[in-house]
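In order of appearance the chains are A, B, C, D, E and F, and numbering begins at 1 in each one.
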Amino acid sequence: MSKPKPIEYADAPAEVKAVFDDIKTSRNLQDVNNFWKYLANDPKTLKRTWESVKEVMAPGALDPVVKEMVYLAVSVTNNCGYCIASHSAAAAKAGMTQEQFGELMAVVGMANETNRLVNGYRVPIDPAFEK
Amino acid sequence: MSKPKPIEYADAPAEVKAVFDDIKTSRNLQDVNNFWKYLANDPKTLKRTWESVKEVMAPGALDPVVKEMVYLAVSVTNNCGYCIASHSAAAAKAGMTQEQFGELMAVVGMANETNRLVNGYRVPIDPAFEK
Amino acid sequence: MSKPKPIEYADAPAEVKAVFDDIKTSRNLQDVNNFWKYLANDPKTLKRTWESVKEVMAPGALDPVVKEMVYLAVSVTNNCGYCIASHSAAAAKAGMTQEQFGELMAVVGMANETNRLVNGYRVPIDPAFEK
Amino acid sequence: MSKPKPIEYADAPAEVKAVFDDIKTSRNLQDVNNFWKYLANDPKTLKRTWESVKEVMAPGALDPVVKEMVYLAVSVTNNCGYCIASHSAAAAKAGMTQEQFGELMAVVGMANETNRLVNGYRVPIDPAFEK
Amino acid sequence: MSKPKPIEYADAPAEVKAVFDDIKTSRNLQDVNNFWKYLANDPKTLKRTWESVKEVMAPGALDPVVKEMVYLAVSVTNNCGYCIASHSAAAAKAGMTQEQFGELMAVVGMANETNRLVNGYRVPIDPAFEK
Amino acid sequence: MSKPKPIEYADAPAEVKAVFDDIKTSRNLQDVNNFWKYLANDPKTLKRTWESVKEVMAPGALDPVVKEMVYLAVSVTNNCGYCIASHSAAAAKAGMTQEQFGELMAVVGMANETNRLVNGYRVPIDPAFEK
């Protein structure tokens, strides 16, 4: 196999087109993002991932903007450049303000710092947290 | 040096006691958590970390419960056991329900999965996300 | 020191040339990859790393293509762009098909997801797994 | 909410019991592992995760033992203790020998090492890997 | 919000200018690096981060060059491209030689490898290390 | 295969005994640590790892205590509990003071924080760092 390439709608098999159509309808888009075009190389993974993302990111006990900010927090922690770009855009579209972005980054930075202080000092869990 | 040990209030120097007092007052606690007792081995880091955490986690453009859930999301991604336990407790105290916890974990899991799909398929950033 | 630069064969000291020759012979290549040209800045690390890689990646109880896919799985988890590109190529050369690549990415994604669900739910190890 | 607790079959709602039954039948088990008992706190995530895992880990272009070894490689890279224990057991059950485990760990270790050498030396991708 | 953009000195509010001035004076620079120009989008985080970095990286029980090498070791482990570039430069400026850089990378690589061997073999802590 | 178990000197094959003897002599120890006893399940990996560690951690352009502190910094970043315990002990034995440990942890924490601020703000590399 060679380097993965995107599958465009016009060249996609029917099962891929069906997923692309559902993404475009659900999200009110003209075209799907590169993520979906690359996943389309494996139609089963495309379908499973889209259905999971659709279910997980739907409004529920958490607001969509909170879910997008959490997605962004994880992507920043993992340093996934594409994911940071796409979920920054998605969070902004869902209502995240610049001030909220600033606070989000501050929390993500602080959590990554204190996670390591805890590791290095080998802090045992307080009994109160085990209940 | 030997394995880090907690510094209890009674044995702490004045500069540590001052920080412990501020933590207990700010958070309405009888005693500080193990994290602070271990950081007290380095009074400068204790003071700097507490002041940073106090500023970053204060109510602002984001609700405190959202901040705690983001902290938890990062800690889960990094697998910091102590941090997961303490910020689960803090998020619950700030109002996170069990249903919200379930959705939070679902988002964190999904983000960690799709971050790697993006890496493996070497997905280039859509021009729309670069604006 | 300035930014690391590649050491080309013509400019390399004898100890580096000897390693480059062994890489080219063992892998039937006209030239070594950038990875080795950069490591050549530290001849001891070049030699130690090549000898370790040669031993570890040799056919054994695991097929070379399986070893390359595992290498790729780790590189995707760590988001090492160079390593993803080079080990995708190496796995393909060793026989990985596009369908196998798709399944590999699906497993890597799923493992990264469930690793975090385990962390967040603080799942204790079943006694059966401790034997 | 308090610390997550396992949901046993006898106490589970019907939708959880249905998933537990399918896991037990598919894998020929008397009882499900702790992972599923904890996920059962969120029946939607339990169902979605089980269906995804069942699809992804099924025999396909890759042998089940290879898939389990890749799962283990990711879990070792992420240091998920529960996942290392459960997927070591699953890989062994699928046929992984002790010699294969040794070679797997050697590859995982080497990949984690060279991933960082690449990062530190800032190695650019060879044009040949971009095709 | 759109993609973060750098704040140049001329366009910065007074509180940002004050931090930029302190960075330039403390480090004897004509202009601040991109890191600070981007953080300037959130003046509170800019100020808090600069004050923390200034305190932490100051000469103390550890030499500044050792601190910069440790910063680089963490950045290489996390694969933060910007951080690797900027702290390589900072370490070189503080006196790191090319030979020291080579040894540093060798240690970082080895630590990342043996960390995973420990995880995979599930090595229990020797009682002697718990004192 | 079952859960990995330690190989004690008395039960070890000759090739393992030879490595154990070299570790004990080189480090002036009565017995080897658990890490080596577990690696002994794969004699080739035991031998290769020991020889690499011996070469990499030897005095050179960097002091042994600096190398141990870097090893600890990586282990803390990766949250490897065993490695944190063993390399804290090794660093202390090599001369690390409690004050140096405190500063080391402060740098590791700060680096992990700013690595993520860089990721989230998508900071481009300054041209000066590319030389």
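In this section, a contact is a pair of C-beta atoms (placed from the backbone, for glycine too) under 8 Å apart; a residue touches a chain by one contact, two chains touch by 3 or more.
Predicted, not measured: the structure shown is a model, and the values here were computed from it.
Peer 1: Name the pair in D-E, C-E or E-F that forms the same interface as A-C; by residue number, over half of the contact pairs must coincide.
Peer 2: It is C-E that repeats the A-C interface.
Peer 1: Using mean CA coordinates as chain centres, what's the gap between subunit C and subunit F in Å?
Peer 2: 20
Peer 1: Please work out the Cα centroid separation of subunit A and subunit E, and write it as a whole number of Å.
Peer 2: Roughly 27 Å, centre to centre.
Peer 1: If you average the CA atoms of subunit B and of subunit C, how many Å lie between those two points?
Peer 2: 34
Peer 1: Tell me, which residues of subunit C touch at least two other chains?
Peer 2: Residues 2-4, 41, 44-45, 48-49, 52, 56, 77-81, 85, 88, 97, 99, 102-106, 108-110, 112-115, 117, 119, 121-122, 129-130 of subunit C touch two or more partner chains.
Peer 1: Graph of touching chains, which shape: line, ring, star, complete, other?
Peer 2: complete
Peer 1: Touching subunit C in the complex: which residues of subunit F?
Peer 2: Residues 2-3, 44, 48, 52, 55-56, 129-131 of subunit F touch subunit C in their complex.
Peer 1: Report the residues of subunit B in contact with subunit A in the complex, numbered from low to high.
Peer 2: By the definition above, subunit B touches subunit A via 3-4, 33-35, 38-39, 41, 45, 49, 52-53, 56-57, 60-62, 66-67, 69-71, 73-75, 77-78, 80-83, 85-89, 97, 99-100, 102-104, 106-108, 110-115, 117-119, 121-126, 128-130.
Peer 1: Which of the residues in subunit A come into contact with subunit F in the complex?
Peer 2: Subunit A residues touching subunit F: 72, 76-77, 79, 81, 84-85, 104-105, 108-110, 112-117, 119-122.
Peer 1: Provide the residue numbers of subunit E that touch subunit C in the complex, in ascending order.
Peer 2: Spelled out, the residues of subunit E in touch with subunit C are 79, 85, 88, 92, 96-99, 101-103, 105-106, 109.
Peer 1: Could you list, by residue number, the parts of subunit F that touch subunit D in their complex?
Peer 2: Contacts found on subunit F: 1-4, 41-42, 44-45, 48-49, 78-80.
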